[in-house]
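One structure, as structure tokens, below. Some questions next.
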Amino acid sequence: MVLLDAAGLTKRFGGFVAVDDVDITVDTGEVHSVIGPNGAGKTTLFNLLAGAYEVTAGEITFDGRDITDLPEHERPYLGISRGYQITNTYESLTVFENLQTAVALYHQNYYDMIRSLANRTEVTERVETLLERFELAPQRNVEASSLSHGDRRRLEIGMALASDPRLLLLDEPTAGMDAGETERTVSLIQELTDDMAVLLVEHDIEYVMTVSDVITVLERGAVIAEGPPGEIREDERVQEAYLGGKADA
Amino acid sequence: MSLAANILEGIIYGASLGMLYVLVALGLTLIFGLMEVVNFAHGAFVTLGAYLGISFLDLTGNFWLSMVLAGVVVGVLGLAIERTLIRRLYGEEPIYQLLLTFGLALLLEGAVILTYGQDNQLLSAPALLQGSPVPVGPATVPQYRVFLILFTGVLVAGIWLAIQRTKLGLIVKAGIEDRERAQMIGVRLSRVNMLIMAVGAGLAAVSGFLSGPLLGVSPQLGTGLLIVSFVIVVIGGLGNIRGTIISGLMIGILFSLTSFFYPSLANPVIYVAMAVVLLVRPEGLFGGVGS
Amino acid sequence: MSSEVAGYGQYRELLERLLDSPLRLVGYAVFLFALPRVLPIGIGTQIAILGLFALAFNLLFGYSGLLSFGHALFLGTGAYGAALLVVHLDGPPVAAILLAVLVFEGAIALVTGLLSLRLGGVYFSMITLAFAQFFYELSFTVDGLTGGSDGLLGVYRPSLFGAGLVDLADADNFYTLVALLVLLVLGFSFLLTRSTFGRALVAVRENEERTTALGVNTYRVKLIIFVISGMLAGMAGALQGLYIRFVSPDILFWATSGDAVLNTLVGGMHTLFGPIVGTLFLHWMEDTFFATSPGAWNVLLGAVFVFFVLFARSGIVGQLRSLLRRVADWADRREAETTSIAAESDD
Amino acid sequence: MLEVDGINARYGDSQVLWDVSLSVGDGEVVGLLGRNGAGKTTTLSAIAGVQPPSTGTVTFDGKDITGQSVSAISRQGIKLVPEDRRPFDGLTVRENLELSTDTTNGEDWDVPRALGEFTQLDERANQRAGDLSGGEQQMLVIAMALVGNPRLVLLDEPMEGLAPQIVDQIVDIVRRVREANIPVLLVEQNVDVCLELIDRGYLLHKGEIRMSGSAAELADATEEIDRYLGIRV
């Protein structure tokens, strides 16, 4: 089933076309990765889908609903959630409080000024589940700013998952991780996709080839190939995009 | 007097006042553009300039020399404050720089009160400019006003040209646009910061001294001008040199024209102008940061 | 909250529980009702009212990080509003005045907030300052209403509920009313700190981008706290007008906004009670030094403030808290050493 | 000329460079190849002082420059051409060049010469840099480095995101820099282009140097190239 369908997506910054007429669809339950050389427009595309940037042209449909102009803060309520490329947590809050914030602001009425957050057992329970699932329980009282990089990346994903999304957008979740941490994250993501779709922006090719069902390759803002990992691996244009090959071809 | 003469006079009076605002706001905007510090102490530089100028005038009897001396002394003070205090907070949240300079403003204003007392001081235009008003078309304008427009006009034009045409100006513009990139081509930004802080403080002091004959000199003189400068940079865009000059003039003329026709509304009207700009174009009339 | 203090030693844990306990409100109550026994009641009342003003300011600044340099706007219009109601309506009950002022200030805060929140960061500070200055200038313009620079005379204190019920001309009664309102606001702040909305505010302050991505309308969140803060500051203003029984444009001057900033930072901006402590401390300093020389007082105030910005940003209360935490940690370490020595000697 | 010895760098809590050592000799064009995120830009940042390494040393012309400020390193003749191009958009082409002129280390290059060499820029000398096309901006930032009379140019992905015919022009420009005997450390993902330009090169993968050698040696190492740079994994 098609969950996310973006058609003719274009983003211009001044005269520069960062994303150029991109079509992309994500089905329920699939891991869909977007790869490409530096400057290909991956992160811009990601921000368009998440609603952080306004679309110049094209439209985005989620679960049959047109969300092209839907404000970023309303997208989580449809089931879209995002992580950040540069870890973007609440630095001075503890791991527990970070997850508690993510859970409470989504699941509770965040205009409630009276009732104590700590007494919301349903929030606390969800946080505990997330702590277990992301193996962060031992660091629960550690401030996010003092976590190791891998732990922080997992906290980042955990916060994005707090809203029980149907589509999770992740921007380079394994950036800066060592092999072991990457492996843990890979298996985590694979577990996730039983009940949700994941759209990944990645540059770690090995990792992309392992986890993806479908890969879209961008170059200079445009899609140059799309298909399962095996196909992409053998695609001439993709080879060229990565290894160069001059224009005289 | 005819309506046309009234309007013309309003515009000329407004331009003379507006140019004084521009001198204050330019320093504010340059300091913010380069250092990302909103300098609350800028108003204290204005006040200090006026009072020091009066002291120098008592000492030397020369209006022009006193103006220059006040500018230089306050400029050096600004430089010293940048070196010793403000630079400690570079890269921190802007709120703390704002709070720090607010404390400095209190301190400097207190020092003025301590030295000169609370009462207003009299500062009159130099004898040279106290002759009979100058006819300008159907209007007549006091000589000092005409001088103010010419002098501050030349000063602002000089600054504008220096920024547009000299290498130093290029460095300032480049620093405002992208500090890190400027350092990559070898610019010593910390020296530029010092210079701009000194120039900004000096201009504020000159503006304070020159506004004395118009507005009277009180310990609150500078803060009044500072708040109007805030309105100007909100309209013109912080760090936007051209926008600051144009909106400074506009606010001066708006104030002056209103005070000709509805004197009691002259002060409030500039804030209404700001509110309207915020409503219609929150990013400022002249776009964002830039030249 | 126990899960969040786990991992500390027992003294530290005890301290954290204490610091987070509603019992603090009892402490504040004791403090407030002891104040007029220690200080002349006039000074106590003044500190309580200005403390309330700082408290209202800190609801905005401390939680959401928005530095308003224009809170005099609310204090001043609140004072004028209350005074005008008394003068023109022949002394309506104070309870009604306070309610009317709350509504009126809510409307003012909504309009100014909608505009000043359109730009973030330092622009917010400059714009709020300019709006306050607008009302300051306006108070001279509409001198038929406000009395211009002469101020508004003939204000008196009607009874709280009308028909002479709870006479507020009585200094003790008036102080009790102020103290109860301060406690009410402290109680509200306490609840807010622990509530979901309080967390939303902290989240906006710490990382607005992430908070938006979590599904929060951050503009609206900021607007709501701005309006609440403005309403409460306006209420403090109404009390001030009734207390001094005279309102002049001075109350709208930028220096009044500055007082809220000073009192809050010196007392402790991320603390509940800091603004009150800061108001008390600076008021005491002013009483001691201002009389001798206003200039010297300004120099001293500026210097104290610069010192706090550079070296003690958490303010008096914040510094005390971290001192207590250090003592508790020290006690825990000491006990751990003693136990381990005891354990060794057992072997 | 440039000696980088065992530098480690972190980004926040994650280590992104592990004991990276490399050197650039007089008049040499050296390539640094690697995929996205391999640590190439971080290496250049560490050399230029934008992000000083946590350990290890950077020696330039026999002098330890580790930890010096960005502007101090620049004035010693190391000119970084950053990957996101970044001329000063609000300034004209000519102003950008005037601003970047630095005669501390020589006077071979000045604005007239730069405009003479890059005729395309000469035609647009009085236009705002922000209004140039991507390729022209790339030319401009390289010209900005040249008028700084560099003793070493750090060139970060100059071909990135450019159309093929523009890539040819940039390749040509880098050749001319090389002919002017200015040493270059070139970071590039485009392997064919890079190998054509360089004397020697290093292969960076996940923050570590995995291979180094002459251009010919690298060209023969198809297996490593594929593994570390391509997408066949």
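Note that the chains take the letters A, B, C and D in the order they are written out, and that residue 1 is the start of every chain.
Operating definition for what follows: a residue touches a chain if its C-beta (ideal position, glycine included) is under 8 Å from a C-beta of that chain, and two chains touch if they have at least 3 such contacts.
If you want to know which protein each chain is, UniProt gives these names: A = Probable branched-chain amino acid transport ATP-binding protein LivG; B = Branched-chain amino acid ABC transporter permease.
These figures come from a predicted structure and were not determined experimentally.
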If we look at subunit A and subunit D, which chains touch each of them? none
Could you see whether B-D or B-C has the larger number of C-beta contact pairs? B-C
Relative to subunit C, which chain's C-alpha centre is the most remote? D
What whole-number Å value describes the gap between the mean CA coordinates of subunit B and subunit D? 43
On a C-alpha centroid basis, what's the spacing between subunit C and subunit D, in Å? 55
Inter-centroid spacing, subunit C versus subunit B (mean Cα positions, whole Å): 33
Centre-of-Cα separation between subunit B and subunit A, whole angstrom: 48
Using the touch rule from the top of the page, what residues of subunit B touch 2 or more other chains? none
For subunit C, residues that touch 2 or more chains besides their own: none
Specify, in ascending order, the residues of subunit D that touch 2 or more different other chains. none
Chain touch graph shape: choose line, ring, star, complete or other and state it. ring
Chains that touch, pairwise: A-C, A-D, B-C, B-D
Can you list the residues on subunit C that touch subunit A in the complex? 1, 3-7, 188, 191-192, 194-200, 202-203, 206-207, 209-218, 221, 224
Which residues of subunit D touch subunit B in their complex? 48, 50, 69-71, 74-75, 79-80, 82, 86, 88-91, 95, 98-100, 102, 104, 144, 148
Touching subunit D in the complex, subunit A uses residues 14-16, 35, 37-40, 87, 147-150, 152, 172, 175-177, 203-206, 209, 220, 232-234, 238-239, 242-247
Which positions of subunit A touch subunit C when the two form their complex? 50, 52, 71-77, 81-82, 84, 88-94, 96-97, 100-102, 104-106, 108-118, 120, 124, 140-141, 159-160, 162-163
Complex contact set, residues of subunit B against subunit C: 32, 38, 85, 88, 94-96, 98-100, 102-115, 117-118, 223, 227, 230-231, 233-234, 238, 264-265, 267-268, 271-272, 274-275, 278-279, 282-283
